[in-house]
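Dumping the structure here so I can ask a few things about it.
We just call them A, B, C, D, E, F and G in the order they show up, numbering each chain from 1.
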Amino acid sequence: MSGQLFLTGALIVTFLVLSLAFVLIVIRIVKGPSLSDRILALDLLIAVAIGYIAAFGISTGYSIYVDIAIALGLVGFLSTIALARFVLSRRTKSDDEDTTGEGVKADV
Amino acid sequence: MPPFPADLMLYASLLPFAAAFIAPWLVGRMGHNAGWVLAGVPALLFVLFAAFLPGVAAGTVTTYGIDWAPGLSVRYAHLIDGLSLTFALLITGIGTLIVIYAGGYLKGYAHQGRFMMFLLLFMGAMLGLVIADDLITLFVFYELTSITSFLLIGFDHKREAARRAAVQALVITGGGGLALLAGLILMRVVSGETSVSGLLAMPDVLRDGPAYTAIALLIMLAAFTKSAQVPFHSWLPNAMEAPTPVSAYLHSATMVKAGVFVLMRFSPNLGDTALWSIMLTGFGGATFLTGVILGIRQTDLKQILAYTTVASLGLLVMLTGVGTDYAIAGAVLYLVAHALFKGGLFMVAGAIDHETGTRDVRVLGGLLGKMPVTFVAAFLACLSMAGLPPFIGFVAKEVLYNGVYEAAWLPTIVSLIGNTLMFTIACVLLMPFFAKPGALPKSPHEAPPSLWLGPIVLSVIGLFSALFLGSTLSAVVLPMANAVAGGPVDTNIHLWPAGLKPPVVLTLITVGSGVALFFVYGRVRDGIAGLLTAIGWGPDKGFDQAVRGLVGASWRVTNFVQPGHMKLYVSVVFLAVALALWLPPIFGGFPSLGGTGALAAPYHFAVLAIAVAGVIIVIVSKSRIVAIVSLGIQGTMVALIFMLYGAPDLSFTQFMVETLSVVILALVMTRLDLDAVDHRPRPVAMKDAAVAIACGAGFSLMLLSIVQIPFNNTLSEFFLTYAYDIAHGKNVVNVILVDFRALDTLGEIAVVMGAGIAILALIRLRARVSA
Amino acid sequence: MNTLIFRTVAPYISALMVLFSIFVLLRGHNEPGGGFIGGLIAASAIAIYGIAYGVRAVRQAIYIHPNVLAGVGLVMAALAGFASFFAGKPFLTGLWYLPTVSGVKLPISNVLVFDVGVYFVVVGSVAAIALSLEESD
Amino acid sequence: MATIFINILLSLAWAAITGSFSFINLLFGFVLGGLSLTLIRAQLDSMNHFRRFFGSVRLALTFLIELIKSSVNVALIVLSPGRTLRPAIIAYPLDVTTPAEITLLANLITLTPGTLSMDVSDDNKTLYVHAIDAPNPDEIIADIKHSFEGQIRRVFHP
Amino acid sequence: MSDLFLYLTGILCMIGAFFVLVAAIGILKLDDLYMRMHAASKAGTLGSGVLLVALAVFAGESDVVLRAIAAFVFFLLTAPVSAHLLARAAYTIGYKPCDATHMDALADREQMAPKSH
Amino acid sequence: MEIILAVVVGIFFAGGIYLMLSARLVRILLGVAIFGNAVNLLIFTGGRLVEAAPPVIGRAEGAAQVANPLPQALILTAIVISFSIFAFLLVLAFRAYQSLDTDDVDEMRLAEPPLNKPPLHY
Amino acid sequence: MMYISTIIGALGLFLSTGTVLAAQTASEAAGGAAADQAAAETVPGATATVDPLLTVATPLAAWLAALPIALPLLGAGLTLVLRNLPRWQAPMALIVLGLTALTAVGLSAVVEATGPIMMAMGNWTPPFGIVIAVDSLGALLVLVTSLVGLIGIGYARLDVGDEGVKYGFYSFYLLLICGVNGAFSTGDIFNLYVWFEVFLISSFGLMILGGTNIQLDGAVKYGVLNLIATTVFLIAVGATYGATGTLNMADLQRVLADNDAAPLLTIAALFVLAFAMKAAAFPLHFWLPASYHTPKVIVSAIFAGLLTKVGVYSLMRIVVMLFGADGAVYMPLIVILGVLTAVLGAMGALAQVDLKRLAAFLVVSGIGVMMIGIGLGTQQGLTGAIVYTVHSILVMTGLFLILGMCDRLSQGGSLLQAGGLYSARGFAAALFLVFGFSTAGLPPFSGFWPKFILVEASLAVEGSIAILGVLGIIISGFITTIVIGRAWALVFLTPQPAGAPAVSAEPVNPAVIILAGFVVGLGLFPAFVVDPAINGAAGLLNPSAYVTEVLGGR
């Protein structure tokens, strides 16, 4: 088995696994139950995206995509911070919390 | 020919406008005496126009002009012939007297300067209208008369009735003006001619043209509204709200005759058809009768005069419709006569009002001794109005009886009834001088010269023009009649009838029954009044109903098309988008969906599927955070899609923008206690979904049909070729942004900058307000 | 956000991001990047700093109002476009000066100034947006 | 001095991302790093800590090994069915005192097996750590003390 | 390029993907937020990191290697901070650990006054 | 490939428009964001899709095809513009909600209160 | 200190940032050249023979085409940079717009004398870069826009308080003029989209600049609906590129002339929809009456004058000039929508009580009239539409300004409030009448000429559509006359009720007087606009001069 062939196979596996990971993350986002769970899932989604970009760089041979990974590594957490802030802010406005039907306890 | 270049008149005829703009200043300096100075302008013009008389009498038609809007084939041009010259002389001559009269009448009124300005503006407009050769010039001045009339009627602005009358006049004559515009333009289109003289040179071009009926009806509509024909007449009596000089000048002597003028002007081109005769005779006759019947019912002097003016206009229209040589000659004579006696009578009425404080014929009386000069003027004018010799009114009546009698029996009967009532009314108008006075608000004295000068002059001219009938005919009447008839009229007119011909018989009947009617005047008046009360509706009320109806309908329609509900706005817009996407293929054919390239690698599907999942979760999510997070998913996946197809810059930007979007969404949502639950009831949601799906599918369809087309890659090839060689950049996308299409980027950063300051303003200005 | 850990890390991440943004800006003509992306990254850096230390600290740190920075960027970009007037070329024409300094070709151009203008506009405006939202409590 | 050290670090980071360690590029990175640091100059005064480069390197290696261990650990937890976990939130008494040390420790704890930093007490004396499986919390405390805290102290206080 | 690097790249890819999957399974399977965070912050970080290393190995050019490592390091810098903030925020607003959590030192803290944020 | 992307674009459009049709500010804004992404993908797809090398000279040696750079530049411009507009609308929505006390755009009737009947006198 | 020195050092290096790039540049120069060679071989022959850069010298006159965009843009940046000098803002804006107007005058003169002129941005041979291409139509509209912008500054002083200046009024204002001028003069459809967005964002800023609740309400509707419109426009641009591979208008004109690809009809429909919406044509007009009455008077006035006209212009430029046969399919629809817009707009005005809303509906009504002219698709119809556009820019700006002025003098903002200006302030009242009657299309004001041209254009066309057009113009004119007459009677003639505050003695702002002067001047001397409009319309129907100027012999 040549290295190229192995790499091709490995990449197919990688992409499939990464896709599966995406799906699982989406399931967590759908299921929740809390805001924090969903934010965590988005955070992980961005991490997986970094991996995906790396794998894509390998599969195409265009290494320039790595810069996108750098940027994502740096700014990806910005959205998590902002959302965490959002979570915190809800405490101070507890009088009219989400009427999501998911239960107040679950959806904090 | 005048002893000056004819085209001097192009500018001279604009003098009233110049005078108008200095009038306020002049009145400010001289007070009411400014009238004497300002009257110099029309007087000068009268003289200038009079210089054309010999030539016109000799049959010369003078045209001259300059280009106004050459690209539109519009000229500022004059046509001096019998018709326009007679009108011009009436306008400037009576205008001179009116300006003098107005100076006296308005003594002590507010806004005298403004009044003089409007009056002179009107004069310029009216003059411009009658001497216009170019069709569009004619229209421009025609509309100006409507505007100035609107201003003058509303002059006594503190009274609601005056305001209503002004609007009514504007609406009715303005509406007619639009018809005139359409008619004139249709003439231009059909004939290719842009001037009156051009049309007169080929008299059959319109009559035989494809749009004759439309043109004729439009011109008639314009004329009927302007000249207060039934059922559009009610604005004219209401316009008596204006100060009396206005009534005398605009609403009897000149402006209201603009409609008749237009009919006469185009009579050679449009007349001599069944449509023309029937319409003009019918509406004119009906107006004639309506005018005298309603006139006899009135008790206010000005109202009586107004309705008889309506009647006279009806008579003129009817005669124009009858169109025989005698009818036209009669119309011309009557037009001149009417201008003279009615103008004078209005001024008399104003003088009486001025001196006694009332215009009610039931109260007025005994003025014979108190206002002798005024009486003389009134007496002479009334004789002319009654059609008694030796006044011009008598000649006019003889000739018009001749005209209708030889034409048809119905106009003859109408004329007979109308003239009879006119005779009676003329008697009634003299009652203030002879009757026993009632309780007058003021104790009357003779009016000042400025108030009686005008009526005396006009009445005397009414007398002398008949006494020197030969000159009158040759200088004024026949040239005008020729112009109206479109050729020499064949008439034989004398002051004293030679023998007992039918017109004379009709005159005798008129006088006899007129006198008889005067003796039962009180009962007739009350009877008509009672009848009208019983009917309880008239065009005047109809006008109110129409305006109310229009306003109400507008209100309802506007509530329907602009209901204030944004949901509806957005729905309509997207419905339109759906139609724009689907109707073209439905009517123009759907694309075939073959050959759209190979399928993607499976891991592409995962990215696409998750992007779609993100959208769906956003839609079904019940909390805003789930929605925001799902939006993040969708955006991230879009960035990956960009990456998959070779767009690293896009992917980069999309990731950044997505992150920042989530950040600002979170920052805002932190302060916005809202959830993202869909509040729509199910049926509404279903409808919205239908629209949304239609749009979405439509966009898919369009996209598919675009990618069928072989792609023209020239631009991108160019960029790839020269990006490095010339623009020194390897990242072609960036080179496009900063070099090939830098202007886009410049605009784009302007947008970014604008958003920055706009958002700051949004947030800060609130802080200030709530603080 | 008043947490020790975040507050300790945030300034360095911000500095790193600004550095990275300049990198992305400068090499954008040849590799993915450029003024927009660089500007967005720098704005993110400012946002992080702002979230950690508050808006006032950011305002002190960047001396000038971010909107003014955006204005400076726009003026820079526009003036870069006008530079070609003096070369007798149309608006926004790229002018290149390529001196060779010790064997290395140095590309100097108004195009770069233009891209830096873009960078400033994006940094300024996006930061202004984030900061005004941040302080709108 | 510490500022220059950080500036040098940034300069190295610049060289890394630009992919060239040429002198001129390092110099340029230094200037740009200085520029970036002016942004955060207000926070720089509290940074007089990084003293020892080798300590840092050693710490980094330790950390990488711990990260791999922790990931394997997670994999075991996640992939083995029926395993009963005993999570706990533990109060970890801090010996290190400066914000930088605490932060570094907390981050390392998060990235390493079974533990996750949650909060620091207001007096900076206690770190609250979530442990995914801590039948015996004291063991975890001792483990952290042993593996990271000491090394951090050595980096910052040589 | 020698086959060795290709094999190494492939293996690293699969390892990275494996850890990513572990993280994804972890956040789906574990009982409460805090436990899920373990999975995300450790396996997720390592997984993506390994993929970046794979890229570095594959590319072999020094600049790419350096950038891939830089990406990894930056990611390592930020990931624990966001995890910490999220955990803290969740706890602050009252997200209780699952029942299996046998010890809660934060709850024992005398005053759980909300921190200003 | 274009077929699938066209369908995805259609779904994006449908989703975005469906959200924008709701009368609630938050949903409208979410819709705007999705709508914007849909447009970008539409332009991207319309510029033809190739699984190709990025349009960076010197990075694509040996590549069969280089991606079309022009749509990328256009979309980049459009992304930044729509982000700016989106940010403005978002803050506007926030301010409108604060000041008008409703997030239901149908209840925002301050600028367009029920139309009074116009006067009929003169 | 140290960091100050680093900044200085950085600035020094800043100018030679190439250092970083240098290594790569040097090392990859050879590879890059090879790639270029490879790329060049794949280029179709047509491209290979074209000079990438224009070889002709840029005439100085070409700058006249770019400056009406570039100057306000620069000014917008400068006013923002100098935001801490509030007292300098108005003079700066005045100077910038004065220069802009001067260049616009020069531009019109040159274009009228020598035909369309073009400047290829970046010197790239069209159609590869973006071109600014100005023909008679563009020059005329740029001129009017610049003049109205300049005049408007005169009024702004009255209306924009310190707050407004502080939060960027003049930057927004200049940006708006920049965007509108850009839209009128660009020769590239994507660039047209960008200018749409530029004036859109600045209009957002201007709209909310008072911070009042009613403005927020109006802005929500204005914002969302305009976002949809510009986005649909963007979609259509993207689709056009996908279908034709080009964005340059001159190139598109050539490409589309003999192209019957299936999606073009749909794309044309999207353009029609987007522009009809931007123009506020029924039934996509909602945003305008929902918002135009809410901002400050100067803002309403400038919006009413300029913004919708860009939609009208684009309809002419893109649908008529570029899409030709595909666009012609929609012409009857445009006439029908125009008639409905004209009549319903006028009826909307008749239904209003608030004068600014009334004026907003009159804006809509005018749009309908322009659309009728466009829909006729003839030389004369387009001439009328262009003349009407110019008239409408002047008169609608003036109408809003005079209403604002009258509201300042005596509270007469609605038909229910008698302002009594006829007796107290005759001149101000007269100015209202000038603008009002001009709106109604009465002579001797500017509105008469386009009405005349359009009626003649309609009557010159065979068929029922044309009759419909005439009816639309005439009925809307008739209703508008009623509207103006009623407003005159109720607000101006009617004396103020007892106890009302005294009428202010504030002088009428010169901006209003100047605009009224234009309205009357245009009524008396129409050729100044009619002649360029005739050329503009001819250029739309036969764009060969435009295409030749842009593309040369290629």
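Criterion: contacts are C-beta pairs under 8 Å (C-beta built on N, C-alpha and C of every residue); 3 or more make two chains touch, one makes a residue touch a chain.
Just so you know, these numbers come straight off a predicted model, no measurement behind them.
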Chain G reached from chain A - shortest hop count over touching chains: 2
Taking each chain's C-alpha mean as its centre, the one farthest from chain E: B
Chain at the geometric heart of the assembly (C-alpha centres): G
Identity of the chain that, by mean CA position, is farthest from chain F: B
Chain C and chain F, separation of their C-alpha mean positions in angstrom: 26
Chain centre separation in whole Å, for chain E relative to chain C (CA means): 30
Distance from the mean Cα position of chain C to that of chain B, given in whole angstrom: 60
Centre-to-centre distance between chain E and chain B (centres being mean Cα positions), rounded to whole Å: 78
Sequence positions of chain D contacting 2 or more other chains: 13, 17-18, 20, 32, 35, 37, 41, 106-107, 117, 119
Residues of chain A touching at least two other chains: 18, 20, 22, 39, 41, 52, 62, 64, 67-68, 70-71, 74-76, 78, 81-85, 87-89
Shared-contact residues (touching 2 or more other chains) in chain E: 18, 23, 25, 37, 45, 47, 61, 64, 67, 70, 74, 77-79, 81, 83-85, 88, 117
Chain F contact footprint on chain G (complex, rising order): 28, 31-32, 34-36, 39, 190, 193-194, 197, 200-201, 204, 208, 213-221, 223-224, 227-228, 231, 234-235, 237-239, 241-243, 289-291, 293-294, 350-353, 415-416, 486, 489-490
In the complex, chain F residues that touch chain A: 53-54, 56, 59-60
In the complex, chain C residues that touch chain E: 1-3, 5-6, 9-10, 12-13, 16
Parts of chain B lying in touch with chain F, wherever the complex brings them together: 160, 163-164, 167, 547-548, 551-552, 554-555, 558-559, 562, 564-567, 570-571, 574, 577, 593, 596-601, 604-605, 608, 611-612, 615-616, 618-619, 624, 627-628, 631, 634-635, 638, 641-642, 644-650, 653-654, 657, 660-661, 664-665, 668-669, 671-672, 674-676, 678-680, 688-689, 691-693, 695-700, 703-704, 706-707, 711, 713, 715-716, 719-720, 723-724, 730-733, 736-737, 740-741, 744-745, 748, 751-752, 754-755, 758-759, 762-763, 766
Interfacial residue positions of chain E with respect to chain A in the complex: 1-7, 9-11, 13-14, 16-18, 20-21, 23-25, 27-28, 33, 36-37, 40, 44-45, 47-48, 51-52, 54-55, 58-59, 61, 64, 67-68, 70-72, 74-75, 78-79, 81-83, 85-86, 88-90, 92-95, 114, 117
